[in-house]
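Each of the next two complexes has chain A plus one other chain: chain B in the first, chain C in the second.
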Partner chain A sequence: MKAAIFDGIVLGLQYGLLGVGLTLVFGLAGVLNLAHGQLAVLAAIIAALTIDAGSSAGVAALVGILCAAVIGLLLDRTLMQPVYRLRGESRVLLGLLLMLGVAFVIDGFLEWRYPIEALSLRIGGDPVPILGVNMRVGSLWASGIALAAGAALLFFFRGTTTGRAVRSVIQNEEGAQLCGINPAFVRGLIFALSGALAGLVAITRSMTSPVTVTEGITLTTLALIVAVVGGLGSVSGAFLAGILLGIVDRVSSFYIGTYITTIFLLAAAAITIVVRPAGLLAPRR
Partner chain B sequence: MTATTARRAPGRLSLFRAYLPIAVTAAVLALPPLRYHESRTLMGVLVTGLVFACYAIAFNIIFGSTGQLFLCIGALAGVGGFASVILSDEVGIPMLVSMVLATALAALVGGLLSWIAVSRSLDVIFTGIVTLAFSLAFSSLLLGRRDLTGGESGLRVQAGADTFLGDRVPPYYAFLAVVVAYLVIYRVLQRSHIGWAFRALRDDEMAAELSGVDVRWYRVEAGVIGSAMLGFAGALYAHSEGFIGPSTYAFGRVDIRVIVMLAFGGIGSLLGPVVGAAVFTWLDEWLVSFIELRVLLYGAIIVVLFLGFRRGVVPTVHAAFRRLGSRRGGAGTSGSTTQARAP
Partner chain C sequence: MARSSVSPSRTWPTDGWTVADEILALDGICAGYLGEDVVHDVSVTIAEGEAVAVIGSNGAGKTSLFRAVCGLLATSSGRVRFGGADITGSKVHRIARAGLAYVPAERQLFPEMSVRDNLFLGSYPQRPDPERLELVFGLFPRLAERKRQHAGTMSGGEQQMLAVGRSLMTNPRLLMLDEPTTGLAPKLAAEAYAALAELRSHGLTVLVAEQNVPLALGLAERGYVLENGRIQLAGTSAELVGNPDVRRAYLGVS
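For the complex of A and B:
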């Protein structure tokens, strides 16, 4: 049981890291980025190719993350411009459909050029006992990075002027503009940040299991569910939702196993949304 | 991409003008088999196109009319398909009865989802995610209940194979009849008091509520009707195809395509779903020759199409006709041009 919970937390931190990139872009730009998982896979493949070219794993990881950030920024500066001119439901729909197109393009490109490429950054070493549970070194590294990223994000949004500017745009775009904040700059920043987070999750994920070309859609769906359960736009909510869903996943697969686990996970997500539509951490209505 | 508020309500159109587009569509869609009847593959593609048109019309009632983003189009069709096949092949109920029961089951499930969304007043995205969760749960149920559904390898469908559904051309006309029937249902709904309620709640939900429209009830009603249509189309497809598996109704294969088709054709328009299904079925078939590049090109085309036709083809064409008409006829004949713009 304890092992299952620990595994759940490890998995959940990855879920949280996955969801947080998507939640930020939605909270800020009103765009549901259906290419988020594909962006992560793209970063993984770029990192794998860099390793193939002979560089060290650390450099390759940085290259992958940086490329994902640049692609995020490019998407914001080009394809998303017509979306920002719309409002309400049509904005959500156009953003979603364009990003779906981008997801197809990335998937199609990777399956065409690098069908068998995969990123696997196995970290060796004996399992480390924590509170009597043996944890793999790769899992610990992945969790540590996810925690550090979460803490850095929280510090950025609470402690720095730029971070506060971003939050002000999330809360009230026009009001922020009146205070001299440039929403276009903030959006570019968040798209790049979200891309970098997608790249980062690809790197941490590859520490426990290989990231393959076809994984994009699975990652996107997971990110979507985590982000919505945590409340769209909330960083700590995404991590909390990720950890909860991770624990549900591991514990139910430990006790019940088989396909019921997935159904449990999805039911947990659906029930959370139905009970608290505004997200886990939202104030009660 | 919402329904244009300025459009004249279809309830005001004369009977002839209201149903003429459906008759023309039926006549045009009756033609392809005359040319392609010899090829089993091409007839299969055409049937799939019609099935997607059915899905898109049903989704148009749920999403286009009442704004509920049901991301479980394939799952509801799958509920219909698998229920009908299991009831007829395993339990031994006659095919027609099993199809009716399966349709009712799909309607019940869809109505339940709709009721949950409505009673918790979930907005577009939250409804989308809850129904997406249902979709994914359904697909893992299909994989898990191997004894009933055949797991990944799927089921061979016996019922229906010995009827006309097992032939080459008749299934096409059967599905054409379903498409026409669905279009008529859509039009009848639009022209009835339900259509007025749908338009009212799409235009301004608060105002509709205040003027006595029971918004929740009409949403659930749309959910039930649309889900029944999805379930029936899914069941008929299962019996005519002779084989169903998890991929037949998978989210990636059905839902994404239907949404793209409907958004391209025009959400909330009568013929948008059919136009979208036709264009994307043709596109799919054309892209087959590019084998490896297919997915990449598909994505690129989606991006380009949506940058160009943001409101959908049918509404864009209508707007163009309207501009043309008003320029030619001037203010004096504005009556006839307003009639022409309703789809």
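For the complex of A and C:
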């Protein structure tokens, strides 16, 4: 049981990192990025190809993350422009459909050109005992990176002028404009950041299990569940939801079986929507 | 957009008002929604250091006019000049950074952020100037007491103070307020205008849209009466107060 919970926390930190990129873009731009998981896989494959070309793992990881950030920015500057001209429901719908298209394109391209490519960044070393549970080195690295990323995000949003400007646009776009803040700049920044986070989660995930070209849809679904449970737009909510769902995932597969975990995760999301429609830590409005 | 301190020479006739030191000039502004104008051919000139009121009833087009000036509503014709530069069609954030501060009636605060963070965002992208912050806290001691409170949990009067405070942090050359007394009890409304009068004494140029005509004309030197999106009357505050139509329509005197 203790091992299952520890595994759940390790997994949950990855879930949090996955969900936070999706939740930020939704909170800011009203776009549900259904290509978030595919963007992560794309970063993983770019990193794998960079390694194949003779690069070190560290450089390859940076290349993958950077490419995902650039693709995020490009999506904002091109495909998302007609979305921003709409308001309310039609905005959410168009953004969702366009991003679904992007997901299909990335999936199709990767399965066509690189069907057997995968990223696996094994980190060697003996398991490290923590409170009596043997933890793999790769898991510890992945968790450490996710925690550091979460802390960096919280510092960015609470403690920096630019981070405050991002939150101000999320809370009241017109008010932000009247303070001299350019919402278009903030959107580009957050799309790039979200892309980089997708790339980062692909890298940390590959430290515990290979990231293959078909994994995009799984990652997108998980990101959606985490974002819904955590409250769309909430950074700390995404990490809290990620950890809770990670524990649900591991404990249910430990006691019942892996086949049931997705159903449990979806049930957790459904219960959250019923009990707390705005998510665990959703901003009160 | 350069902040020019040199007053430009006038290049078009405005409303016949002689203005030496023009800061804002509207020339034949038309604006509206979905192709339907609600503001028709409005021309207004304001000089540096003046206080001017735009009075009119609900739905007269005051808010639409103000939104058109600060870039939130597209103009269908006419020009807006601010500080000598043509700002017609400029982006809202650029106009704000040029020194035109707009306080909407809805206040548009950041409800999940503290009073302090709301004020800090006013000085974006610069670091907040401690002297300005002192000025705001001096004007509204309530805000100093509640630095850490979330804006969304404050009372209407406090939110109005915060909205004005935040706009002052942008270091404005012109402060435009839309119905600053909306939802305020008479005592609080009078206090809000007392604060505006103090800002006037610091030399700030103020343009206020108001239904509460006695308060507005008490602050302003002159005013415009807006009806159905058109300027019906312009004059000094004394002239307007003495005008029988204004008295009947806005002052409840027959």
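Going forward, the second predicted complex is superposed on the first by the 280 of 285 C-alpha atoms of A that agree within 3 Å, B and C clash if a C-alpha of one lies under 4 Å from a C-alpha of the other, contacts with A are read in each partner's own complex, and residues count from 1 in each chain.
One rule holds in what follows: a contact is a pair of C-beta atoms (placed from the backbone, for glycine too) under 8 Å apart; a residue touches a chain by one contact, two chains touch by 3 or more.
Source: prediction; values computed, not measured.
**Student:** Should the pairing of chain B and chain C on chain A count as a clash or a fit in the superposition?
**Tutor:** After superposition on chain A, which the two structures share, chain B sits beside chain C with no clash.
**Student:** For A:Val102, is the partner it touches chain B (first), chain C (second), both, or none of the two (neither)?
**Tutor:** Only chain B; A:Val102 stays clear of chain C.
**Student:** Contact-wise, after the overlay, does A:Glu89 reach chain B, chain C, both or neither (first, second, both, neither)?
**Tutor:** first
**Student:** Report for A:Thr221: first if it touches chain B alone, second if chain C alone, otherwise both or neither.
**Tutor:** first
**Student:** Using the superposed model, measure off the angle between the directions from the CA centre of chain A to chain B and to chain C, in steps of 10°.
**Tutor:** 90
**Student:** Of the two partner chains, chain B (first) and chain C (second), which one does A:Gln177 touch, if any: first, second, both, or neither?
**Tutor:** second
**Student:** After superposition on the shared chain, which partner residues are touched by A:Glu111: those of chain B (first), chain C (second), both, or neither?
**Tutor:** A:Glu111 contacts chain B only, not chain C.
**Student:** Applying the touch criterion given at the start, work out whether A:Ala165 contacts chain B, chain C, both or neither, answering first, second, both or neither.
**Tutor:** Only chain C; A:Ala165 stays clear of chain B.
**Student:** Touch test for A:Ala267: chain B only (first), chain C only (second), both, or neither?
**Tutor:** first
**Student:** Quick check for you: in the superposed arrangement, does A:Ala142 touch first (chain B), second (chain C), both or neither?
**Tutor:** Touch status of A:Ala142: no partner.
**Student:** Can you give the closest approach of chain B to chain C, taken over C-alpha atoms and in whole Å, for the superposition?
**Tutor:** Between chain B and chain C, the shortest C-alpha distance works out to 14 Å.
**Student:** Same chain A residues contacting chain B and chain C, which ones?
**Tutor:** none
**Student:** For the complex, which residues does chain A have touching chain B?
**Tutor:** For chain A paired with chain B, touching residues are 32, 79, 82, 89-90, 92-94, 97-98, 100-109, 111-112, 217, 221, 224-225, 228, 232, 258-260, 262-263, 266-267, 269-270, 273-274, 277.
**Student:** Sort out for me which residues of chain B touch chain A in the complex.
**Tutor:** Checking each residue of chain B against chain A gives 1-2, 67, 116, 120-126, 129-130, 132-134, 136-137, 140-141, 143-145, 252, 256, 259-260, 263, 292-303, 306-307, 310.
**Student:** Contact residues on chain A for chain C in the complex?
**Tutor:** Answer in residue numbers: 161, 164-165, 167-168, 171-172, 174-183, 283-285.
**Student:** Which of the residues in chain C end up touching chain A in this complex?
**Tutor:** Residues of chain C touching chain A: 70, 72, 91-94, 96-97, 101-102, 104, 107-113, 117, 120-122, 124-125, 127, 152, 166-167, 170.
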